[in-house]
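Chain IDs A, B, C, D and E follow the sequence of writing; residue 1 opens each chain.
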């Protein structure tokens, strides 16, 4: 399959802190790839650099055969890449529906927009019940649904999800992962960052293990689950 | 952290030297220069007092001029109507401004951010209008004080006040638990409260103390200038200048307000002298403020660091800027 | 002995009943877990105990003293400290200064001030592995360290009762284990401390809690030891879900 | 009875003028998070440009309004990146620095106007200036009535734009979180420029009305900044209905205090009420502000 | 402490030598009163020009030129005090031409007393300046309370005098004094004051004028400056309020008022101590007509009584300097002599007589001038009272706005 994204020697620096030391990875179309790593390993920084929220200090990012390394985030988004950031990025004063409409800002295919809106509401019936409610008043799980729904509404074919399970009750965690699977099956490429490494590895096709801003290991998700080192460091032993 | 650490011998010597220079000033310079120096001292004191509230605690007040004006009027009225001696009037003005601010602070400090800024501004305007309609303040006629025409006296009074405010800022805001409490309120008030800080009290104290110093300086100003008027001591320009001075110098630092006060006051006077025949100096003043903010966004206090060529140094910044612009 | 007694607590946000007829008793020196679905009212409970919100009705007693109507700072001085689900550090202050603020009104504050103070701060820095970044601004720490700093800062007040709101949020299972060890160490060093923690990561709850309460829609739906709870069908249905994936 | 009605009408007409300014101001505050001290100078420049254009073209100032609005919108659009540069500073008090920047800007513009055009008062005459309408014994000055009606129409149109159109939602999204908006494909900087342009255009346009109701001089901005602040804050930043209510409140207080309490107390009472509103209703009278 | 007194003796000017007079000017070149500040500037400039064109001030057969040093008081008393200090101690001026506003004058006066430098203000009109009895401060224009009664006195003598009057004043020192004087003179003349109110600067006049319209007074009298006067007329017109007469004071003779209001500004009554039509003359400026011509040439304005007053102020200095034969630079002793000479002068100028009071409530104010009642017509200031000076009969009641 074709590589939809290729990242080479990506470096991100915050003031004096070097968050990424030059990492490389790729994603093929239709894959779920997960990035796993300890706190501060640089997972979020990777996503932020890819989506243009932070500017890398060096390295290149190619998306759909275009160099997007220094493009601003709104232009990257328009290429069909959608980032659900850490903390969900709710626009709390806008209603659920407005949040969804907003995401279609740059779309011209109005008929498809309608259809997608229907799909999102079907996918997350809870959201359709809360259409007119301000996003800020949703519970944590509902906000997570809205964040993913919004990403779908952008019409993007590639989603970057940053810890979608954070702060969610176990029951919801399962639901979110099921949703991710479903989305993927519907044809979206997903780059997933997770602390919940076990579940992430079970969901993904391939995985990268990040440590101190560098790629420690990479490979098939299934293989990594059985890797003793990975098991020890990220899956909580045994 | 401790005081002993920040007092190296070099610093002590520097301190004594600058004190000697400051004390001998009246005997070497002309009386106009001395007058400017008196003005500088006054503004240093005012900027420092504003910085207690705006810098250390993060409550940006556009109404600090009200404290200045209230102090000026109280001292003035005590001296003209009750014939109190100057220092007595000054002390009472300080106490009354403190009490008044503590009372007003209680509701006002419920506001924060831009709302606090506009709330204090509205309050100050209200005070100006009040003084304009009251009889005992002289209304639009203003208030005349008995002239006491001794330049040296006022220079030393203002110098003393500036040093006092500086010392308080240094001892209580830079180097003490109290200062830490104030900064904690600025950073995260809810958390501070759950750590046992009575934040309402802390805020009120800072508000009242900083107002008190502005009030005392106002009182001294009234006696110095001998004539006060609602527009001159309660007008918005007083507070505006304090804010600009502090921002220009470096907000939340000890020396920033000092530097800002000197540069702005001297700059303003210089421009008045050089271009005072036309309103062009307003253009220059406005332009200067804009340019400083554009190129020294953290105030004049950041110059040494920028010249120092550290990571945030000017070259790094220029580089990163040019990188941004070719996207 | 009961350290904390919550009796018939109710709290409304406008028309929303966030806490409803809640009763909880926490014995001294225990580690007590509070779990429950998103929006169940757990954080609200902490906010009520620490005086950030004032309950609509009901009682909260600490050592028999009512906390209702008291301000946060008073409650803190009575010996209650907490961390926040969405970190609330003094971002522009250094790590040391953050802990120092916690020390200012530490419980049982004697006259022997400054002397032991830096020793205390050092031991906290040490315990939480923050020594190396002691002079860094709190806002520049990685997320995980920020969480630890918040706990250290709360401990600096020398509380009887420590409330932790999702201390393991955003940690991987390995790190969760580290945190379990850390909290155990805290419990060892501060022998008379009582801890209540809110957590979604059952690993942590299993590893630490003597007893737990499960909340849903502002109410208690189950009480018991962690094992009892994990096998409670009501809890499974409302919170845990069926057996783990894989 | 007649006086009561007249006083009410006067009040409505006094406040009406400031509604447009408040609307523009609060949306620009919402998106850029800076309090613009130069708001009065944009009023002044709008009034002056109407005056000069009228001098040279003899076209009625009211007809010049669309042109002036567009022209100043363009100026705002071109100027905004400079302010944005200050707002973008990574510093705890970046917003304050931006505020100080607008203070500098206001001084600069005032100084320039004073130097360029002198200190004289100028009269801006429109067809409506001379007219008044008599309704049931109440005299309604035509130009003020036009200004008020115009204000309310502009406000309503703008509210529709913000709440019913996609661009409007985009602006509100950018007002809340530009980073997140960026992830939705929205160019936050372009939105900021757009909003600042709208604000400067609206404010300059109000300047034409203010100039023709009162008079045109370089220092006029100082005076109206205070009123604009009143309406913005009392109405609640970002609240349109609030701005309308606060504008009317401003006018009614001025009018009733002048007539029934005493002219000297107008500003005293006005600022006192503003202070009370701020302290007790920090989100504005209708509680709808940001 | 180390603060002992030495009242600026070191700054005495006597050590310097120069062959011209250095004249300090403190006035408002920016800030709220920039308009009036510039009016005074025109007046002072014209005096200096006229003197210098004639070769200078003649002392002991030698002519000494004038050099004006301006200092902006920013319409702020504090800045005014700074300006005075600088002019005296740094620039070492010989004497000072004073501020436009009364507030600045009050802040400057004590500094003059300290350094013993005389000042004449050609503008400030607030009565409270003179009650303080500052030794070194003089004024050319009579205080407002000496002049403001004149228009109502004139109206009261008519066959059908006004019976009711409403009085508005702006809440600044000068305007309020004028309003109070209007009220007092109305009452003295047996008119009924149906409304008296003082408003802060910047108020919208429509509510008050509506209220006054309901009371339907014969006369509306307003104490204010040109900006407010324009507002009052505009508001009255837009509300359809037309009393039998408007009475105002300073401001209606300014080019702004005349130009901006056009016909609407006609027939307004005012008080002035001088108009461009007076038949007076002196050696320096020639006739009033000549003075007006000079003003039009240099500044393109028809002078009003404040501008002319400022020019005349200079003449008082010229006369006093000549009298004591003091060459520049002036020593402290000479400056004291100058004050004495000023107290004694009694001269006739194109502006009228100048003679400063030496006692009483108007100490050092010019009490030689008579107040005139003027009525505006086509931009001209027609003298309509008192009877012995009038050029024309007053028009009363005045035609309505739309009947002109």
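Here is the rule we use: contacts are C-beta pairs under 8 Å (C-beta built on N, C-alpha and C of every residue); 3 or more make two chains touch, one makes a residue touch a chain.
These numbers come from a predicted model, not from an experiment.
Following the contact convention of this document, B is the list of chains adjacent to both subunit D and subunit E.
The most distant chain from subunit C is E, comparing centres defined as mean Cα coordinates.
For the pair subunit B and subunit E, the distance between C-alpha centroids works out to 37 Å. In whole angstrom, the spacing between the mean C-alpha positions of subunit A and subunit B is 49. Subunit A and subunit E have Cα centroids lying 76 Å from one another.
Of all residues in subunit A, those touching 2 or more other chains are 15, 72, listed in ascending order.
Among the residues of subunit E, those touching two or more other chains are numbered 30, 32, 34, 171, 200.
Within subunit D, contacts with two or more other chains are made by residues 92, 111, 114, 119, 264, 267. Remark: subunit A residues 14-15, 17, 36-40, 139-142, 163, 166-174, 177, 195-199, 202, 232-237 touch subunit C in the complex.
Subunit D makes touch with subunit E in their complex at residues 2-3, 6-7, 10-11, 13-14, 111, 114, 118-123, 129-130, 132, 134, 139, 141-144, 213-215, 217, 219, 223, 254-256, 258-259, 262-264, 266-267. Taken in their complex, subunit D has these residues touching subunit A: 166, 169-170, 172-173, 176-177, 179-188, 290. Looking at the complex, you find that subunit C touches subunit A at residues 36-39, 85, 140, 142-145, 166, 169-177, 200, 202-203, 238-241, 245-246.
Subunit A contributes residues 51-53, 72-75, 77-78, 82-85, 89-94, 98, 101-106, 150, 154 to its touches with subunit D in the complex.
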